[in-house]
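First chain A sits with chain B, and in the next complex the same chain sits with chain C.
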Partner chain A sequence: MIRSMFKLLPLLLGLVFIAGPSYAGDRVKLPELAPAKGDKCVEPTDVMRRDHMEFILHQRDETVYGGIRTSKHSFAECINCHVTPRADGSYPRVSEKDHFCASCHSYASVKVDCFSCHADRPEKAIKRGAHGHSHASFKNFDVDTAQHRLAYKDDGSGITAQAEGSAQ
Partner chain B sequence: MSFLTVTYALTFYFAAIVFVFGLAYRIRTYAKSPAPLKIPTTPAPTTRTGVVVRMLKELTVFESLFKSNKWIWLFGILFHAALLLAFIRHLRYILPDWSLLVFMQPFGKYASFAMVIGLGGLLVRRIVVDRVRYISAPSDYLMLVLIIAIAASGMLMTFVEHTDIVALKAFLLGLIFVDWNPLPTDLILLVHLALVALLMIIFPFSKLLHAPGVFFSPTRNQVDNPREHRHIAAWAAKLETSGK
Partner chain C sequence: MNPEKMTQESGAQEQPNSNRRQFLGTAAAALGGLSIAPGVLLYSVSHAKPADQPVTDAVRWGMLVDTSKCEDGCNDCVTACNEEHALTDTGRPETDAQWIRKLTVKDRLSGNSKSMPMMCQHCEHPPCVDVCPTGASFKRADGIVLVDKHICIGCRYCMMACPYKARSFIHEEIKDQKVEAPRGKGCVESCTLCVHKVDRGDGTTACAEACAKAGHRALIFGDLNDPNSEISQRLKKFGATQIRADLGLNTGVRYQGL
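So, the complex of A and B:
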């Protein structure tokens, strides 16, 4: 029994070698990423594909704990550039598979926590004031977040906060 | 296609062939082994349904192990339950996006700690309990150390130095659909996958065969009805009808 199985082995491996190249490239579905607005990312593409979460988390710590907000690895900038409108002008939400983040995250079953607070569409795509005084509306939370994004500035005496959106 | 990708792809095809055919061969042997005697461990169920219930209890909560040794049971069930959760977590590398699978992810993540604690307990038992150490063969240690190493390398990737899981999924799907994609070259991932391939190859020759073997255990799978029905093996029945 075992011996007959080993006789089959070269045959099976041979099949793999013959079949492998001839089917190459069309049988495994890879995530399809929506095009970005800019021509290149803040880091090389292969680095971003692997380590984007590290940059985002590091930026969060710098901003929230250290009070240093820079724009290079700013999450809002990621969204501004990467989430682009569809042909009909609407913007994909993170719950939809054509959203830039969701394309890979759904592919690998990795939950994205970012958007329970942050907006999943560019700032300009969010209709300001369209929901009126929607502060109490939890569904439109990202609208509020965008309007009242806080800028933390260290003036030496501690951290002070001012609302950007309310100045408009 | 890089040398590394080809090597790992071929290794996994080989491992899968050994695993599937080896396991099939073993199961066939178990199924064909004669069980000439009626030997259910009593108290045993007297109906077929009762046997099904008994086997289910054996499979899910390791009933007979619980009755015989509480420590082995504790570490054993800790390991096996964690193994199930880790297995479910790993399904994301071959299955499409599915909300239940996403929900189950963190369970598999933290089950890794339970897995290492369970295996560690079983390993300490082999080393510390002198009468168990006396009967321990090298393969007993090997299995524990091998699975601990697989769990540890997996945990390193989850908690310390991650790999590119999108590329990894593309590689694994590529193996299944014979449309190869490059394997990420992280050392921890390579170690993890090599150990898993080793486990698959060694499985049909090892004590890990208790997984299919438990179904063929005559002391568990027999109905306790020797007075109602005469128990006669097929080969013995043949002798009777031929009159010899």
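So, the complex of A and C:
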């Protein structure tokens, strides 16, 4: 009996092995990553999967403090290559699951905070309205030459009052 | 004690890092060429730094505002800045970000009025950097004062400390930022002296470009450490005023004709 069980063992193991992939079908589907431009990334895929945040963080400080804007580990270049237009020409936003970053981050349930400030699409994909508005730009100042300092003109409207045009 | 020595010592106490300050003061205000012989400079200044090298203090970026050329009613510098950095209008101008704004200053006695832009003055001794509790507010080696928004907690101490009212706080979520001008809710921001353009080697800023395009050329951007730059030459020849010079901040933005 025991001998026959030993004979069955490879079969049992095989059954477990075969059952494995079918079991995976019930789990959360692996993310389908959007196609990227170019043949390969700046680092091997397995390195990027684990350490992309380290590269971006390192380059972040180099850029902010040193003005080093080389493209290899630049955040903007990540977006340029990895956020590509859909078939209809529209670009996915990070709030949508087919965005490169969002697809994996929603799968891994890791929140990214990059895009509250940074653009989630290449510059060419961002449509902006005209900036022809009259921005709060004119304010009434008086220079008191005796005091040699700038002072807001006291027109009763307070510091944040808009004086557009009235300065003219 | 030797009185002269005492004066020197007390001077050094009042003014930390006085050697550097004197050096930069000389370079920025008097702009004497640091030359060992005519045409032979002790240092060479390259405006286009190698892309993979960090900025150094060999350059100090600054701006000269010629108020006699700044036209009353012209707003092109402000518009250009807003476009360059995608500063949008929320419809609530009290809280809209202003990186640069136009002022009209008037002498009460004579009634003489002048128009000029006001923005971050890129001080050598920036009060915003002094007060920042997290180290987010900082001065780059080349003199550009910036906010590291990754570290900024939005406390707005710097806004209180700045004598020029140069900084803005972002109260609302922002969409459609420029790739080169990341901005977001909860951070303080101000004029970056178009740092992305400087790093690219453009050698100018959006406001100065727009001013030149309008034919005024009231804004001259350049290297204060380079005695041959236009800004240095003009400062040497005509001099200029620092706004609130009494604060001793050694501003990188200077005004002529005030």
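Following the convention adopted for this analysis, the second predicted complex is superposed on the first by the 101 of 168 C-alpha atoms of A that agree within 3 Å, B and C clash if a C-alpha of one lies under 4 Å from a C-alpha of the other, contacts with A are read in each partner's own complex, and residues count from 1 in each chain.
The rule we apply is simple: contacts are C-beta pairs under 8 Å (C-beta built on N, C-alpha and C of every residue); 3 or more make two chains touch, one makes a residue touch a chain.
Being a predicted model, the structure only gives us computed values, none of them experimental.
Touching A:Asp39, do we find chain B (first), chain C (second), both, or neither?
Neither partner.
Looking at the overlay, what does A:Arg50 touch: chain B (first), chain C (second), both, or neither?
First partner only, chain B.
Of the two partner chains, chain B (first) and chain C (second), which one does A:Asp88 touch, if any: first, second, both, or neither?
neither
Which partner does A:Ile126 reach: the first (chain B), the second (chain C), both, or neither?
Only chain C; A:Ile126 stays clear of chain B.
Quick one: classify A:Val110 as touching chain B (first), chain C (second), both or neither.
In the superposition, A:Val110 touches chain B alone.
Please name the chain, chain B or chain C, that touches the greater number of residues in chain A.
Answer, by number of touched residues of chain A: C.
Both chain B and chain C contact which residues of chain A?
No residue sits in both footprints.
Going by the contact rule set out above, which residues of chain B touch chain A in the complex?
Chain B residues touching chain A: 10, 13-14, 17, 21-22, 25, 28, 92-93, 95, 97-98, 101-102, 105, 162-167, 169-170, 173-174, 177-181.
Within the complex, which stretch of chain C touches chain A?
49, 51-55, 72-73, 75, 78-79, 82-83, 86-89, 93-94, 96, 98, 101-109, 138, 140-142, 146, 148-150, 173-174, 176-180, 182-185, 187, 195-196, 198-200, 243-244, 246, 258
Of all residues in chain A, which touch chain B in the complex?
Residue list for chain A touching chain B: 1-2, 5, 9, 12-13, 16, 19-20, 23-31, 49-50, 97, 104, 106-111.
Okay, in this complex, where on chain A does chain C touch?
So the residues of chain A touching chain C come out as 60, 62, 64-70, 76, 79, 116-119, 122-123, 126-129, 131-146, 148-150, 153, 160, 162, 167-168.
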